[in-house]
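Per-chain residue numbering starts at 1, and chain names A, B and C are given in the order in which the chains are listed.
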Amino acid sequence: MLTGGEMHALVERMYPLCRSITGDGVRATLDAIGEHIPLDRHEVPTGTQVFDWTVPQEWNIRDAYIADADGKRVVDFRESNLHVVGYSVPVAATMTLAELRPHLHTLPDHPSWVPYRTSYYSPTWGFCLAQETLDALPDGEYEVRIDSTLADGHLSYGEHVVPGRVDDEVIVSCHVCHPSLANDNLAGIAVAVSLAQALENPYYTYRFLFMPGTIGAITWLARNRVERIRHGIVLACAGDRGDLTYKRSRRGAAEIDRVLEHALRDRPHRIADFSPYGYDERQFCSPGFNLGVGSLTRTPYAGYPEYHTSADNPDFISPSAMEDTLVVLREAFAILDRNRRYTNLSPYGEPQLGKRGLYDSLGGRSDAKQAQMAMLWVLNLADGDHDLLGIAQRSGLGFEAVAAAATALHDAGLVKE
Amino acid sequence: MLTGGEMHALVERMYPLCRSITGDGVRATLDAIGEHIPLDRHEVPTGTQVFDWTVPQEWNIRDAYIADADGKRVVDFRESNLHVVGYSVPVAATMTLAELRPHLHTLPDHPSWVPYRTSYYSPTWGFCLAQETLDALPDGEYEVRIDSTLADGHLSYGEHVVPGRVDDEVIVSCHVCHPSLANDNLAGIAVAVSLAQALENPYYTYRFLFMPGTIGAITWLARNRVERIRHGIVLACAGDRGDLTYKRSRRGAAEIDRVLEHALRDRPHRIADFSPYGYDERQFCSPGFNLGVGSLTRTPYAGYPEYHTSADNPDFISPSAMEDTLVVLREAFAILDRNRRYTNLSPYGEPQLGKRGLYDSLGGRSDAKQAQMAMLWVLNLADGDHDLLGIAQRSGLGFEAVAAAATALHDAGLVKE
Amino acid sequence: MLTGGEMHALVERMYPLCRSITGDGVRATLDAIGEHIPLDRHEVPTGTQVFDWTVPQEWNIRDAYIADADGKRVVDFRESNLHVVGYSVPVAATMTLAELRPHLHTLPDHPSWVPYRTSYYSPTWGFCLAQETLDALPDGEYEVRIDSTLADGHLSYGEHVVPGRVDDEVIVSCHVCHPSLANDNLAGIAVAVSLAQALENPYYTYRFLFMPGTIGAITWLARNRVERIRHGIVLACAGDRGDLTYKRSRRGAAEIDRVLEHALRDRPHRIADFSPYGYDERQFCSPGFNLGVGSLTRTPYAGYPEYHTSADNPDFISPSAMEDTLVVLREAFAILDRNRRYTNLSPYGEPQLGKRGLYDSLGGRSDAKQAQMAMLWVLNLADGDHDLLGIAQRSGLGFEAVAAAATALHDAGLVKE
């Protein structure tokens, strides 16, 4: 299991790679992940129909720049891959600043930051740069060069599976299509890697998905049996210094929603209702699937000024924030993994716990121990309608106490699963 | 469509007419309405059985007064038709003030106002007058005269229908049985007339009912097919200067209730739960019908001191208040008329909006346009369970934006009705 | 019906008796109850299997003490039966204080109070004493004597039935197993006795159960037809000076829950959700039975420092508090007894109340009488889905007004039960 520092190092390792929805940057990112956890890697050919979409041509880029009359690169892809609009078609031309301007993207409100822009499905080209860089450019002629290729190829994604005792699956999904953006989503990838390493002999089968946003998720959904998916989390923005935010699934009260809300209840956090915008919960929660998949972030999607800019760099995220995200996910999955329904086999009156050594022999005291209270609650609500989490919530007891009581009662033959 | 001033003029035109639950005053009122919108007029004979009730004899009155020993009229029907208890039997007698007193009705708390009283089903007679008029009467003999007739005749009501594209109906019901009371309900009638004129090629068929309260509504319900009624509004007290009040149907969350609450949400207003008292929602919401019919007023039934007194005169209502009531009703009916359920034909993941020109080609920006958000919401919730109003409410978007998105998606073949 | 003073006298009469879950103290308590209301008494033999439990041996005690070297009793059962741990096995020994200490129970936080302790199912012996008594004991040898017997015998309980017009039953259950504790539960017994006397010709059959806690309730449940039980109250801690507390049944919104909450609404009170701890609601609300049985106390179970100590003596409870508990129970049972569903036989529009003398003949007034409003509410909601209590709650009217309206409408043939 990676420490906070190791997760941060993994982010820094992946940060310079030029990712997009296809191409070698994605493959290099999967290589980096594969250094920590084994990945099943998939390559889906250009042109493959996936529901309403078609896998696009593969985009690769070797170099790009804008050079002034002296041949000096004033905007240089080698400094940051954000400088080129994702999926830019090749260009090699000389043009005036005025001709160039429609192809330039800046953030006037943050003049030193470079924005992140793409144009996947509309063939065009462009550069992103700081407003202050643009402001400093004299009129005149510029050499413009994007050495990219758009050609038939593949869409790449990777999967890592932790087998469980049942085939029912929990998915953890991270997008791997954003170039040099640390919180969005290299931090999420790093936390997912560490989480995958931490899982030991789980009840559910956990499937970690590292794939491009939107088209990647749709491709995966089109090629796999979603019936196995019981629960899931889309993980992103896992490393900034804000409080955790859980965005509910479309169902609103799916088990994953109840679990995450329980796991977060004793710390500062935000709960957001589902909306069909954000990350790939959009796809998992489309009405045809309507899966119990929520989204965990720290500061949510588009909720911080650095979002989709060069300011979302490795300094923007912290090792301790990634560790904190990991702690909550581990606690949530521990609950999820253990959350089941029991049936009281002795439902008429209370069973005699004392003769089984489960109850204090000395009566009259008013300070019933938590363990005994947990057993009474489990017995009372073990009617097939309440899961252990529901019992914890109704009783106000911790999930662990309730789960331990269920185990003790199960061992005593008083409840069955 | 009548302006506020024209609605007020219509109120003044109808104000002097002596309406009751039957009689020529009702007919004259229907004449006045008919000057603006065509009416189907119905005459139901005395003695007709309508559910638990019987259409009563028709009441007409020509003159009434109390005259003092000098022959001077101290209470005079010619000054206000409120002076006579509605449905008073004829009387021609001379009696002392002491003998007369049991037949006199005043409002001690508002000594200059004349109350409105009726006695439809218990044969009696009486006069209503200001307390200060009564206080000024010397003892002595008075001539008492009510020149009324109670005879077999008819109960009158009128209907105006705006045909829709479907036979399903929305009713707008106004009572036309109150004599010189401006807010209750001449303002409601005037707003209904203007609303009827404003409707153009609606989806639903809109039926405007101008009929006496209680017995008129029960008569109408007994003679018509209520199965056609999908939604309805009982409109009254539409012209006073108070905030609008929507009283929910008995169902509490019928579509009409949701629509009115949505239409009112951005302005000061009150929402009241259903109660079996007030106007003819009592009949439409009786348990055998239980229709989705709410009631819109400004200050509600019996909620203002001038209620059922001579102070509810044309000065009590304002043209701008009637216009405001009309605006809300038009907005509400625009929502209702457009509110339908759609089904996403591409429910597995999102459809590719970009290739249909419905989505920005430049990605990465965080300021998704409202139109795109509305499309994503409609696609996500177009599962047959959510109507457009429900989508607007859940998304926080305006109804118009959601409806426009549904239209765009429908035109693109992505959803069906 | 016992007055507050008489209830207090009954508590004092029962206070010295040494009750336990079996034995002559229970029988003597049933004798005392039987002086006020006739009891059916039951004796269930030791060894009888009752669900998961077995009726234990019967425990009786004649004397017990700890005597010092001079033969002086330093702890004496004759002074308080709390001094002996309930179900102590016989002992006759001489031992040092050090040897004795593991058998001694005190309350260090309340050094002058004697705790109440039992050990029903784990054979042992012990004494309870004030911490200050223990602190004053010199080291040395002590004579220890408990003259008790544990032998096959019986478990005793009593029932008092007030026959109703229907066989459906309401149970009122009091535990009779606690020795000298006044609020817990002699006050509950005394209030139940007075309540039983006060019931006259009720609709339901009321069954009062006086039985040992847990094993008594389980025994009763194992030997009787619980299908008859419609509603019930476990009554305890009925005499302290705190506000009343109603603890909901496991169902949470059973009719008894709604009734008690309504009966308490206009006075200071607490409502607690069900928990599987406390008194015999634990058994009645076990998942196999899940009866509509709540619990009424003043200060709840274990909610006061004097709980299960010698400070819960007759001075701790007050006659007026017991009277107050009785008043609420009588009001609650009056509601419960009268709460039924009616069906409007004239559900299409309102029936004409006026022709039946049920409605004011003079119209136009805005101050409709409560009786008329109650009739309109009953007619509107008499659809089989609403009981009279539900109509009272939705209308905001008092239950009595609603019930009187239902009676009037029933007499007029407008509704049926």
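Basically, contacts are C-beta pairs under 8 Å (C-beta built on N, C-alpha and C of every residue); 3 or more make two chains touch, one makes a residue touch a chain.
Since we're looking at a predicted model, the values are computed, not measured.
With chains as nodes and touching pairs as edges, the resulting graph is complete, every pair of chains being joined. Residue numbering at the chain A/chain B interface overlaps only partly, since under half of the positions present are found in both copies.
If each chain is reduced to the centroid of its CA atoms, chain A and chain B end up 55 Å from each other. Not a single residue in chain B touches at least two other chains.
The residues of chain B lying in touch with chain C in their complex are 51-53, 85-86, 115-122, 124, 214, 217-218, 221-222, 250, 273, 275-277, 282-283, 285-289, 302, 307-308. Of all the residues in chain C, the ones that touch chain B in their complex are 344, 346-352, 354-355, 361-366, 368, 373, 376-377, 379-383, 394-395.
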